[in-house]
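Please go over the structures that come below.
Each of the next two complexes has subunit A plus one other chain: subunit B in the first, subunit C in the second.
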Partner chain A sequence: MIHRLKGIGQDVLSDPVFAACAAVAIGAALLMVTRRNPVYAALWLMQCFLAVAVVFLKLHAPFLAAIHVLVYTGAILVLFLFVIMLLSLQPHELGAEHSRAARALGALVCAGFLAVLGAAALHGTRGAAPLEPLRDVAVESGSKTLVITAEQWGGVEHVGAELFSRFVVPFEVVSILILVAILGAVVLAKRKL
Partner chain B sequence: MTKYLLLSAALFVIGAYGVLGRRNLLIVLMSIELMLNGVNVALVAFSRAHQNLEGQVFVLTVIGVAAAEAGVGLALLIALFRNRRTVDSGDLTMLKG
Partner chain C sequence: MPTADWSMIGPVLAVLAAALGMVALDLFPRRPWHRSAVEWTAYLGLIAAIALLHGAGEPRVGFGGALIADPLSRFMSLAILLATALAVPASLPAIAARGLLMAEYLALLLLSAAGMMLLVMSHDLITMFLSVEVLSLALYVLCGIARKDARSNESAMKYFVLGAFATGFLLYGMALVYGAAGTVFLSGMSDGIGGTEGSVLAVAGVSLIVAGFAFKLGAAPFHMWVPDVYEGAPTPVTAFMSVAVKAAGLGALARLLVGGMALQADAWGPLAVFLAALTMVVGNLGALTQASVKRMLAYSSIAHSGYALIGVASAASPEATYAVAGISAALFYAAAYLVMTLGAFVFLMFAGRPGQEAETYDHLAGLARRRPWAAALMTVLMVSLAGIPPTAGFIGKFVLFKAAVEAGQVGLAVIGVITSAVGVYYYLRVVVVMYMHEPEEVPGRKVEPEAPPFDPNLGWVVAIGAALTLLLGVYPTIFLNFSRAAASTLLP
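What follows is the complex of A and B.
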């Protein structure tokens, strides 16, 4: 267990981009959950999302990294900031927080959960072994077959070909879900309940 | 591979602490986004390790669900604040007998 952890530590340190992104993401996430003012929390969350987008680039998911920045930081966080400013909370309207003991208990439960997840990750994978290089894949898209090379892996062409052939049903289901959510949001926010 | 899973676990757990340990509903909603984000990192890492794009397509679906959840959640929050002038989950005791 300990020597596995040491191997992971060396693996992280040998990859400075990942080390920096992971440190920024975890640090920003910790600052986000501890801020009292929601505006600062939203800005730290944005920092965390940008670091995660760089991790996506390292995992050969350039299209997802772009979509992540567009949707999370561009749409969701702007929506959060917009609502925070719409509510324009006064300091006394922020509400009370849990007592120190309750927060410590919550942190303890979370630390235990992290230990379980971490142990599962350490035992269930091959540890610090590098990922296999990407192989060329053939994607059936309609009547023609695309050959995706390692450089194109996870790019617009690859994701698009898969999304509009094999995964077209989930794609349409998500569009219906978003349509219902738009209607629900308009009804909830507009009417005096 | 393991380092990506550990990052994913750390982000998820920090989000879980935000849901458990905070009472400001805005922060709770942001923490839920953070938890979804941690799961996304694990899905993309497995997608890369198994050289299978299904993980990435699933992340696209999760991003869509997260956007819908944020929209509805914030609309609920606005409706709540209009009626009760509070964003504190501890003040929401209307269902208590």
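What follows is the complex of A and C.
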């Protein structure tokens, strides 16, 4: 799966749907970081998430696209908006603008990094494996072997099979991470213990 | 399904079980023995984990390539478990004095340690990232666990916000490296990228990953958070995180750069040189002007990250023997730094009055007369931090500078020697204040002619720190062999 993604990446660059979604995502991200009003920023972030979800679809990851919309756009962003509105910050509470020198330095670093990424986009796919069509893959899970056909690629079954076989350690570490987060939230936020 | 090699993760499971056990114990109605039951659950878990670390053997990759058990992971896990085992007794007086939540505090401490052990065992980028998050998240909470203390809140908030920012760097870097290599697994990553020419993606990725780890290690120019966070956090938390995070982060960085990206050494080598040089200068100069000993130690920990990074910079050498020497020196230095700095932070609690830690130099004035043993132990630790023989700090710096010169990084060795000379001033200032200054008469505060009561637990921790500092300084051979074994199995 992993090796093939490189090839798919090459193919996607010549795809008009991808190009449109990428443009929307980048535009929305730029608008998000430049808004002074946090509510507008959050809404632009939502726009960015939706465009990225379409990119996931184009990358043969339909399950990830659906989860992205449900979790990020649905749950996390709504939470952002709730928090922002509950705080209802006034413009003067948002703090002073950075100094001219600091902003110039920031712009310089960003421009340099953009140049590196631009060069990477131009050269990165050079020497990448040629594009192959999606094939059936076999995922070993315990004593059983699950065959994922090209139509099922990136679907629930495929993601589930990979998650509980090859990537079982990261999956379990996430459960520890969530445990730490719950414990921490209770410790820090509970009024009386 | 990858075959589950349970013995590999035995130590992590023991620590996790102890953490969960402590939280579960808290659900029962309080009995008089409740606190000691929680305390002993922690010790039991840590002892079991150290016992399960046994066995040299060949490096083993398990769980479908996600984890690796090799001498490096064992060396670093042992260091992390030692730091945790010393942090538990050091935390108990602070928990009692400040009314902190004992079971949750210790559980988070152990969960953080479990994250660190997973980090040094990580053999793919996803597990590595998640382990960094487990250890960081637990530490963010621990920094702010003194909920009524504004400084503790500030510490947690700063650490969290800047830590989240660094997480962004790390994750983006990993995404770019994955894009360049076509794999998240460290085995085959270097070949997947295939040298640096033509792969701007990999260079950008590895730079961002190094920046992310530099933040976790407190290396300049990503060190801004260190003094405030270390000062505001409860002192036992500071003692734990200043040493254990660095050991774990250094182990993971060495594994990723030397083990996973050996062919890209010309991309990350100059970065490591730059970070090491800047960190040594910034840390030492910052420590010079501090009035608070705790802040001085925070800057000192920045400086020591710089020294350890000399080893990583030397490991960029194409000669395998020099690369091994560099990493081996960095690992040994991390262990030496661990025992001396942990002891020094705990000393601040030990030297204070009950309920009030020693913070400024003035608090330590004349300590040698009131508490001769405490002052003697601190002197050993300060001499070691300054890098004077016969202590761990001297041997650590010696092997580092030697490795740097051999690998052709003479400039770094020179900066290291000069900044160490600067360090002698502020470390020995502590000793001078303890032995030669009279306690100042402050209106409203009587100077006690006799030693105030103190907690023997803290005394033991400082004494163990000082004893290990001397042991590593006088008999470094076994530890150096251990670190050399860890470094040599790391190379592909």
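Note that in this section the second predicted complex is superposed on the first by the 161 of 193 C-alpha atoms of A that agree within 3 Å, B and C clash if a C-alpha of one lies under 4 Å from a C-alpha of the other, contacts with A are read in each partner's own complex, and residues count from 1 in each chain.
Please note the rule applied: a residue touches a chain if its C-beta (ideal position, glycine included) is under 8 Å from a C-beta of that chain, and two chains touch if they have at least 3 such contacts.
The structure displayed is predicted, hence computed values, not measured ones.
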First (subunit B), second (subunit C), both or neither: which does A:26 touch? first
Q: Would you check which partner chain A:52 touches, where first means subunit B only, second means subunit C only, and both and neither mean what they say?
A: first
The chain contacting more residues of subunit A, comparing subunit B with subunit C, is B
Go through the superposed model and pick first if A:165 touches only subunit B, second if only subunit C, both, or neither.
-> second
After the superposition on A, what does A:146 contact: first (subunit B), second (subunit C), both or neither? neither
Margin query: Which partner chains sit in contact with A:79 here, subunit B, subunit C, both or neither? Use first/second/both/neither.
Written below: first
Exercise for the section: Once the structures are superposed on A, label A:69 by its partner contacts, choosing first (subunit B), second (subunit C), both or neither. Expected result: neither
After superposition on chain A, the subunit A residues reached by both subunit B and subunit C are 113, 117, 126-127, 129, 167, 170, 174, 177, 180-181, 184, 186, 188, 193
Listed in rising order, the residues of subunit C that touch subunit A in the complex are 1-2, 16, 23, 63-67, 101, 104, 107-108, 111-112, 114-115, 118, 124, 126-127, 130-131, 133-134, 137-138, 140-141, 144-145, 147, 156, 176, 178-180, 182-184, 194, 198-201, 203-204
Residue set of subunit A touching subunit B in the complex reads 8, 11-12, 15, 18, 22, 25-26, 29-30, 32-33, 35-36, 38, 41-42, 45, 48-49, 52, 55-56, 59-61, 63-64, 67-68, 71-72, 75-76, 79-80, 83-84, 86-87, 89, 93-98, 102-103, 106-107, 109-111, 113-114, 117-118, 121-122, 125-129, 131-132, 134-135, 137, 154, 158-159, 162-163, 167, 170-171, 174-175, 177-178, 180-182, 184-186, 188-189, 191-193
Listed in rising order, the residues of subunit A that touch subunit C in the complex are 2-3, 5-6, 9, 113, 116-117, 119-120, 123-124, 126-127, 129, 140-142, 164-170, 173-174, 176-177, 179-181, 183-184, 186-188, 193
Counting only contacts in the complex, subunit B reaches subunit A at residues 1-7, 9-18, 20-24, 26-27, 29-31, 33-34, 37, 40-41, 44-45, 47-49, 51, 53-54, 56-57, 59-61, 63-72, 74-79, 81-83, 85-88, 90-91
